[in-house]
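Please find the structures below.
Same chain, two partners: chain A is paired with chain B first, then with chain C.
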Partner chain A sequence: MNPLKKRDLAIALAFLAVLAVLPLALGGSRYLLSVLMNCAGLSLIAFGVWITFTIGRINICQAGFALIGGYTTGIVLSRYGLSFWVALPLSALVSALLGAVVGSFILKLRGIYFSMLTICLTEAIRLAFLNGGDFTQGSKGITGLPQPFGGDSALPMYYLSIVLLGLGLWVTWRVHYSRLGRIFRAMRLNEDLAESFGTNVWRYRVTAFAIACALGGLGGSYFAVFTQSVYPQSFTVEHSIYYMLFCFLGGLEFVSGAMIGAFALTILFELLSQFQQYQTLIYGVLMIGVILLLPNGLMAIRAAKEARS
Partner chain B sequence: MFQVLINGAVLGSVYALIALGLTMVFSIMRVVNFAHGQMYMLGAFVVYYLYGEYGLPFYVALPAAAAVLAVVGVLFNRFFFQPVLATATREENSMLMAVGTALLLENLALTVFGEKQRGVPAVVDGAWIFGDVAEGGAILTYPNAMVALLSVVFIAGLLAFVQYTRPGRALRAVAQDKEAARLQGVDVKATTTLGFAIGAALAGLAGGLLVTVYGVNSGVGTNISTKAFIMIMIGGAGVTSGAIVGGVLLGFAEAIGYDLLPGSLTYLLIFVGMIVFLVFKPNGLFGKPWG
Partner chain C sequence: MSTPILEARSVTKRFGGLTANEDVSLKLDGPPGQVVSVIGPNGAGKSTFFKMLSGFLKPSSGQVLLHGQDITGMPPHRIAKLGLVRTFQETTIFPDLTAMEHVSLAHQLHREASDLEVVLGLPRARGDEQRLGASARDILELMELGSAADTAARHLPQGLLRLLGIAMGLAARPQVLLLDEPYAGLNPEETNRAVAITRKVAASGVSVLLVEHDMKAVMAISDRIHVLYFGKKIAEGTPEQIRSDPKVIEAYLGQEDEELGL
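Right, the complex of A and B next:
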């Protein structure tokens, strides 16, 4: 195992372990738990963006697929009265299938074309739900969704979020450090070359995109029950951009990058909550600063030092 | 129907101006300026303050908007884009930088200008009326006519500049092949700066023009950028004729859609139509294939 991978694993496991025992230290404070639950959900969605980065595509439609997941859960719960435990995997499945269908067409675009198109796709998905009539309740959204756990304690929901985070991390890890991950990297470096070596590029990039969308759908479903509602405005282009920023801040070379980025930024802003009104302004400045000063992300700080010495 | 065509022509001419600015920056730097819509918004605010608040004449306020945005463009290019383009190991970096500048501009504007929708007094008053409006006639208001006319003039001016002047030829040379242009003695750095400044100034001009009809608020940027992306994707990124055709097409599509369909359904159909179109013609109408 190379040292970077070892460090990636160590950080990821340590992080999950800390999250698992943290409620004991926090003593069940609802506010602190909900901040961590928010971070976990955001990380889950951001893992999807991270996976599309590994095939060399900048994915700005992740919020759209999170919205699809959220609405699937919302409609299944409120209209058909099914259990959340059915809705959760179903949402991931619906997002993945739609992602595979859409992806099989749009993934032949590259670079900036793909990014611009995915922005439009996020908007199109939002408008589709806004114009869904009775089925999606238009701009009113779907509210009053039941929570999966009875009782007063926030702990079951918290552990659900940690389990989902672990699942997202495991999926991303399995994808990245496997034959599949090698093929993805080969495609990122040179798609035509990978194809000329006999890789079925089309199939692999649709696979990557479908996995990414499944993670988005899973996250959207989780947020739908976490906030007990879903609106067309729940996930917009702006959110898609934040997921990208999480990945970039954490580092695109490390699987745990997306998670580290999401927790670091979200917790930072809870700490700076008196500056809430400047939040997106600070995001903008931070984004520019990170790209100028830390082009390989937080996780790479030590790697860069080691490489230099 | 006549009215719809007039609306389409007016929208199309300003949209073409917006798309030209975006495509100019793209052709020279291979960077999509995500902040293009935010630059449009800034241009609109410059005109709002100079013309609407301080009462300067419109023919002073509009060039001022272009000048302010040109300066913003030069600064962005010098301090944000050049360092990233010089050191980036992945192409993602320059794109994320563009997204970052868009976030920055939009939120600076929100903090400084607030969220309120602003309008300015009409520059010219009156309207031409063609036929009986109740029976298929149409109205073209003077402000709309002025916006369309000035847009066409600016577009023609830009095309002439790029076609016939020395700096214009340098711009085209750099867009075609940076290395070959350098070997021919073109100052690539200065030309790139000029290209970015012109692109930004065009966004400012478009904003300054449209504020007289639609007003402005700090949040319009993303919306305008998204429209600009649609236009240059339809026409082909980095191609001048593509930007103009894309702008005119979107203008007419929007005018026709708003006439026939309720509210936000128009853009849903435009998005879907564009995605289907790009599946068959991934490089747009006039675009060259690139990676």
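Right, the complex of A and C next:
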């Protein structure tokens, strides 16, 4: 196994192990658990953005697909009274299918053009739900969604979030470190060469995007039951940009990068909660700083040191 | 008469007012395993012609047929599937992947497992990796790259990278292999080795069509040569015929005789 992959695996497993035993140490503090649950959900969504980075596209519509997943769950639970265990995979599926349809048109674009279009897409999806009439309840949103677990303890919900985080990590890991991930990289580095040995570049781009959207939908569905509600404002352009920042901060060379970035930034902001109103400003400065000083993210710091020595 | 392996019929390509290829025809017939070259001074339209054969450019008019099937304007990956594959001069796609991994990846067309099976790591995907890995090793042996199989591409010298590019083309198991200036930038020793290996590839039954500047190599290796000049084909024949063709000599006039191999 190549040493970078080994390190990635070690970090990912250690991280999940810590998350699994942490509630014992925290003694069931609802606040601390909810911070971690928030981080886990955000990581899940950010994995999708990370996958679209591997095909060389900067995806700023992930919040839109999380919103689609959230509303799918909200509608299925409130209107049809189905179980969350049906709604969860269904949300991922709906997001993936819509992602595949939209992606097959917009993935021809690259660079700044793709990014601009995806920003607009996040906004368009938000507006669609805002103006969805009775079906989506407009700006009132869908509230009072039941949680999948009864009882007082937050622990079952916490472990659900960790299981979903593990699932997202596993999917991203399997995609990236398999033949599929190598094809994605080949397309990013030299599209013509990949096509010359028979790769249907268009099909693989749509596949990557659909996987990304499925992860977004899964995360949206999880947040809908975690917060027991979904509003058009639940996932906006701002969130899309945060997911991208999580990937930058964690690093694009490691699958665990998106997760590390999401936890690091979200926890940092819980600690600095009195500066909450400056969050966007600080994120902006941070993004510029990360791109200038840490182009490969936090996880590459050690690798860079080793390369220098 | 049997269907030619590859045929270009009056292919023309215009870019705005510029005609890069005008009415170029080429026939690759006879037994498979021949080496055919397309030569011409800089700007003669060789690369444009190549791109049209392999689907990277769509001709303005004319037709390209592979085994009698019209492939004009098809996307490159479909043409590759039908048996015509081109190589590039730039071959490294992953500096950190080994030669072996490059060739195994280029077997894209020959995997059996679906994408889902690959992601889930199911038996068929694992079988693919073994089977394609073995095939990649065979190709590397043929290309005399066996000893470099486990070296990362960024540590390979230019000459071997060029061979790796051809190896990746072979991984698609083509009937016709288009080589884009395979000997450019190589030293004489590397060129000799690459020419000998190209012969071996052809002898394995793959027809080779190449665009090349190195006249000595072209004259030594080709069964047939086509000459392009300002977008038009001015001559076609065996190396001996080309060498003594007055039109070719005129086209190359002013250039060193040595370059033409006179």
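The rule we apply is simple: the second predicted complex is superposed on the first by the 309 of 309 C-alpha atoms of A that agree within 3 Å, B and C clash if a C-alpha of one lies under 4 Å from a C-alpha of the other, contacts with A are read in each partner's own complex, and residues count from 1 in each chain.
Note that a contact is a pair of C-beta atoms (placed from the backbone, for glycine too) under 8 Å apart; a residue touches a chain by one contact, two chains touch by 3 or more.
Because the structure is predicted, anything quoted here is derived from the model rather than measured.
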First (chain B), second (chain C), both or neither touched by A:Leu193: second
Which superposed partner A:Ala14 touches (first chain B, second chain C, both, neither): neither
First (chain B), second (chain C), both or neither touched by A:Leu271: neither
Which superposed partner A:Leu155 touches (first chain B, second chain C, both, neither): neither
Chain B versus chain C as contact partner of A:Val163, first or second or both or neither: neither
Comparing the two partners chain B and chain C, which touches a greater set of residues in chain A: B
Chain B versus chain C as contact partner of A:Val101, first or second or both or neither: neither
Chain B and chain C footprints on chain A, overlapping residues: none
Residues of chain C defined as touching chain A within the complex: 54, 56, 75-77, 80-81, 85-88, 90-91, 93-94, 96-97, 101, 105-109, 111, 115, 118-121, 125, 128-129, 168-169, 171-172
Touch list for chain A against partner chain B, complex: 53, 58, 105-106, 108-113, 115-117, 119-121, 123-124, 127-128, 130-131, 237-238, 241, 244-245, 248, 252, 277-278, 280-281, 283-285, 287-288, 291-292, 295-296
Complex contacts: residues of chain B adjacent to chain A: 26, 30-32, 80, 83-84, 87-93, 95-97, 99-108, 110-111, 222, 226, 229-230, 232-233, 237, 264-265, 267-268, 271-272, 274-275, 278-279, 282, 290-291
Complex contacts: residues of chain A adjacent to chain C: 2, 171, 174-175, 178-180, 182-183, 185-186, 189-190, 192-201, 207
